[in-house]
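Letters A, B, C, D and E name the chains as they come in the text, with residue numbers starting at 1 for each one.
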């Protein structure tokens, strides 16, 4: 699929079979968050999931990570059924989940504490990542002393620092400005090409999905189901200026077309009049 | 919790099992709810058996059935005294709730108030009030006042500390929200601080509630002609251990009832927390 | 007299109602107070110390408590006085189980003795040892809450306790224990004890009421000593929660206290007895040294000797 | 500037004069978050602020709102110096700040509770907004039962429901998918055109800034200062398909140029190699 | 807080005033820190004056100077007894910390444990231990054990309740984080639950700490030949109010010292909270 594929794939395959999710405790009105989803991700594949807000993307990711129990269906990672939280993964959660009682660096070093990884080495790597993301000065600050985008980048560093074989990222660039976002996107692609982890990437940006993925899963609005599974056949590394290429536009249009058809977009501004 | 246990490792409050068998589910629920009473029965059973087997004399530990018989036989007298003690508890503990929570708020909010009020409040707490109880009697009289005051003083500080901590725990960024709406102190209190502090304050209320019964009893030890503390001491001073234990049982039931009432209130006041229970 | 004309009087006891208060209940139920034009309410108490403090602080005006405890407060300036001494001698005694085999006071040496923590009796124990030439350093005194005393004795946790004629002794025997007893009264520490006392204000404002109350109370006590069964019934009528059996035993145990210590009349402690008490108490610091015992009491409101019941 | 200007401006002017911010309590190492900023916003103007993550945008907004004290400088709103929190404003905070103990609707109704506004009327309006943003089913849910994007939209509704004369929004569309975002953008423009509040809009999306603003303030990376103040002279309402217009591209390029010059973007992906 | 107050309305912990005059600042700090001792002095002053003015007799309320003189005169005796009581407090309270926090965690984590352990634990709390104390003595003997056990029992529950509430307050989503790192129970405890629960647990420790001194005293009432409780009882039984109050003063100082130690520990353990204090 791309010319770096054979350099050694650290990733593992993921199988999702008829997975759905209904929220709601025993005696309350249940809420269907996800219709049945079936999806097969190859080792080292970079798969993006796009879909309207609230369609169940985060829910799906948490189920794959073993953090949430699926209501129906089976999930397996590297051939083993997911019945408990996966541990050899890197996850960037949508709401960052930084521990407010740890400094930025300590948040990243949580891996070393919990997984008993070599501190020195992880710290080295963390420092490189802090530098890469221009966060050197944030290292010893507590989360509440940091800006929104800085917190997001720290969560990103934490998901990457232990070089996991499976990466899951839930809108990891949502709070970043346009250019930092481009930068981080390229950094991520480079990292992926070097180590080839399996990536499950949730994003709101169609451009980002096309810019990064081998495959894009398009989901319908809530309750979500898979409406398209698009293979992106573009050269890697993909240039920043990707937006100008005609094939790129075709992919974007195909996705937008789904959204429009599914009614994500509706009539013109009709905010209520003030009384 | 164990990383080898398969199913339980998944975060529990998100699990939504499909219930194929409603009846079986209800039976399960019932058994689950029976655990506390069964524990209780087990404890009483153990008590009864050991008293029998080791021939424990009644002045050391009376048999539960003897205590139970006395509870029945003396029910009217016990009930009359229970009402007295209950009133003291409710007044003293009620005052605590009315005073400690607002004071906790003031101390949490104003560094000056903390600097001025906290040390004397703590001083008052640190003075062993049980030792002071006889003095209270002399100062405030033989009536219900001295009991209410002692109950107030003994239950006050746990709730005060919890309230301070509850009100301080608030994510200060949330204040941005209410401030930008022009909330006054009272509104910030009502709409933001109180609900945010609720779990911690309720933990303080529970602590205080468990102390309340003890406090009223102690006050009655020191000087009373009625109330459970009076009955209890009469029991001990006449070697009537069945009576003493009957009072202990009633006090425990009162404590349980208060605790239950507090939990019910919390459940009603904090609907957003219900599921995590 | 008619009920409407009766003077209301509240009488504060030192402890829960029991045989030790039989005379007052008898005076009430047999109508002696009423005959004197008094409408008396008897209120139970929570210890002599408490009762004394209540009178000292004005919470109560007429009460019943240990004379030494009352005198201690008087010595510190509390405006009150003992007006009639019922227990002419200390009810304290050292008690051991018969099975322990302590047959003489001297044999207490080397033993463990339980002491009711915080009681004024405990502070008088050194006098008892001194009077009986017991080397205190060989003993181990174990402070404990009053309600642990009897169980501890019965359990054998201690060899003996600093008990009392009218209380712990009854508790223990009611559990079937047989005791060897060494009373303070007979072993060198005869001090004035439980007494009627009143605040100075009450004495100044109601001298006649006081006289009538004392006279009626002594009449009640006289009745109780002669008719113990009826007196216990009177007690039960006044305090329905009371344990009649224990009360009967208590009443049976105390007559010896009414006339000990060289007393001539029931209810009236002699000046010499008071002087001896002051002397003994000042030795252990319970009363100030060199104080005038007449500061503590007055016999001015007692009936004439002719109307008092003489001691045999 | 645009053809609806004279329909009645509900907004008020904002003056920012030499405002800077240094964080750090008395005896700690102080941190300069913002260099001196001077800015004058006319009544009813729609002003966007763009700049790299961490440059001080949120800090600036909080100072204008009177929620944070400026270290130097003066701020006035409607001619009155800001010395305490402004109250006649609608703010959408970067981290949403939903009260977890209130349902979505109750979070929005907080205005009615605190400002003592007519409940019935506010609730009507809130319901319209919920419908507009496709959140009818979320109304009675607690924040933790909602997706990231849903939470953000509720915070948005809360900022709008009382029809404030000053609107401040800190990356209000960050967690929304591309199309919901377009939708909400159009809704916001329509609302603004009708009532003409003064808007201070912080965004990471240059396209969004151009699509919505009368003026765009470009800030330098941390510590931020104003490096450009661009007047956007495009017709309103601006079409969804704005991206195709050449003037649009010119504005975007001008802003990107600043960022590149200021070094927001740096070399190609250099994430550290795994040892 | 008041919407009319200009400067204070701005969220305070973000204020960064430029200090032009370091000296003036330090003087201000000094005066600020003098408030608690001044409050204390004011209270003692009021006490002294009212005793003088109203001619309160010493058996009702001794004059502070008389208490102080006794403190000096009897210092060696008081110190010897203080050491005894301190040991009991430290042992009993130390056990409470060692036992209540883990039990709180278990109950907070496992619904089963809560169902089984919480009711008996609460029962034990609700039984007025002061009334049970004489029995403890007979059961456990007269040594230090009974005092330590009583102190443990009296301080245990407030900390248990606070721990449960502290551990439950955790945003459950944070568990996603540690679970996905393969954290075991102990690691989740150490790296997530404990730090997150710290503020609430410390509020529980403070409550327990203030109860600890009282508890040890009560335990000594129950039977001791030494210790402050014994001295206090001797004071009351001989109507020596100066002695009684001297002991109360010492106990208050002990309480203050423990409280200060707890606050210091919290400050050291929770650096991320420091500014909000």
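We take it that a contact is a pair of C-beta atoms (placed from the backbone, for glycine too) under 8 Å apart; a residue touches a chain by one contact, two chains touch by 3 or more.
Everything numeric in this text was worked out from a predicted model, so none of it was measured.
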| item | value |
| --- | --- |
| Contact distance in steps, from chain B to chain C | 1 |
| Of B-D and C-E, whichever chain pair has more C-beta contact pairs | C-E |
| Size of the rotation, in steps of 5 degrees, that lays the CA trace of chain A over chain D | 180 |
| Centre-to-centre distance between chain E and chain C (centres being mean Cα positions), rounded to whole Å | 41 |
| Whole-Å gap between the CA centroids of chain A and chain D | 26 |
| Centre-to-centre distance between chain D and chain C (centres being mean Cα positions), rounded to whole Å | 85 |
| Euclidean distance of C-alpha centroids - chain D vs chain E, Å | 47 |
| Where chain A touches two or more other chains at once, by residue number | 23, 66-67, 85, 87, 95 |
| Residues of chain B whose C-beta touches two or more other chains | 3, 9, 11, 13, 60, 134, 138-139, 173, 176, 179, 182, 221, 236 |
| Residues within chain C bordering two or more other chains | 49, 53, 56-57, 146-147, 151, 155 |
| Contact set on chain D toward chain B in their complex | 62, 65-67, 85-89, 91, 93, 95, 97, 99-103, 110-111, 113-115, 142 |
| Chain B to chain C touching residues, read off their complex | 57, 59-60, 77, 134, 137-139, 141-142, 221-225, 231, 233-234, 236-240 |
| Chain B contact footprint on chain C (complex, rising order) | 15-16, 43-46, 49-50, 53-54, 56-57, 59-60, 146-147, 150-151, 154-155, 167, 171, 174-175, 241, 243, 246 |
| Complex contact set, residues of chain D against chain A | 23, 31, 50-54, 57-58, 94-95, 121, 124-125, 128-129, 132, 134, 138, 145-150, 152-153, 160, 163, 170-171, 174-183, 186-191, 194-195, 204-206, 237, 256, 259-260, 264-266, 268-275 |
| Interfacial residue positions of chain E with respect to chain B in the complex | 1-3, 9, 11, 13, 32, 35-36, 39-40, 43, 60-61, 109-110, 112, 115-116, 118-120, 122-123, 125-132, 134-135, 138-139, 157-158, 161-162, 164-165, 168-169, 172, 175-176, 179, 182, 184-185, 188, 199-200, 202-204, 206-207, 210-211, 213-214, 217-218, 221, 229, 232, 236, 244, 247-248, 251-252, 254-256, 259, 276 |
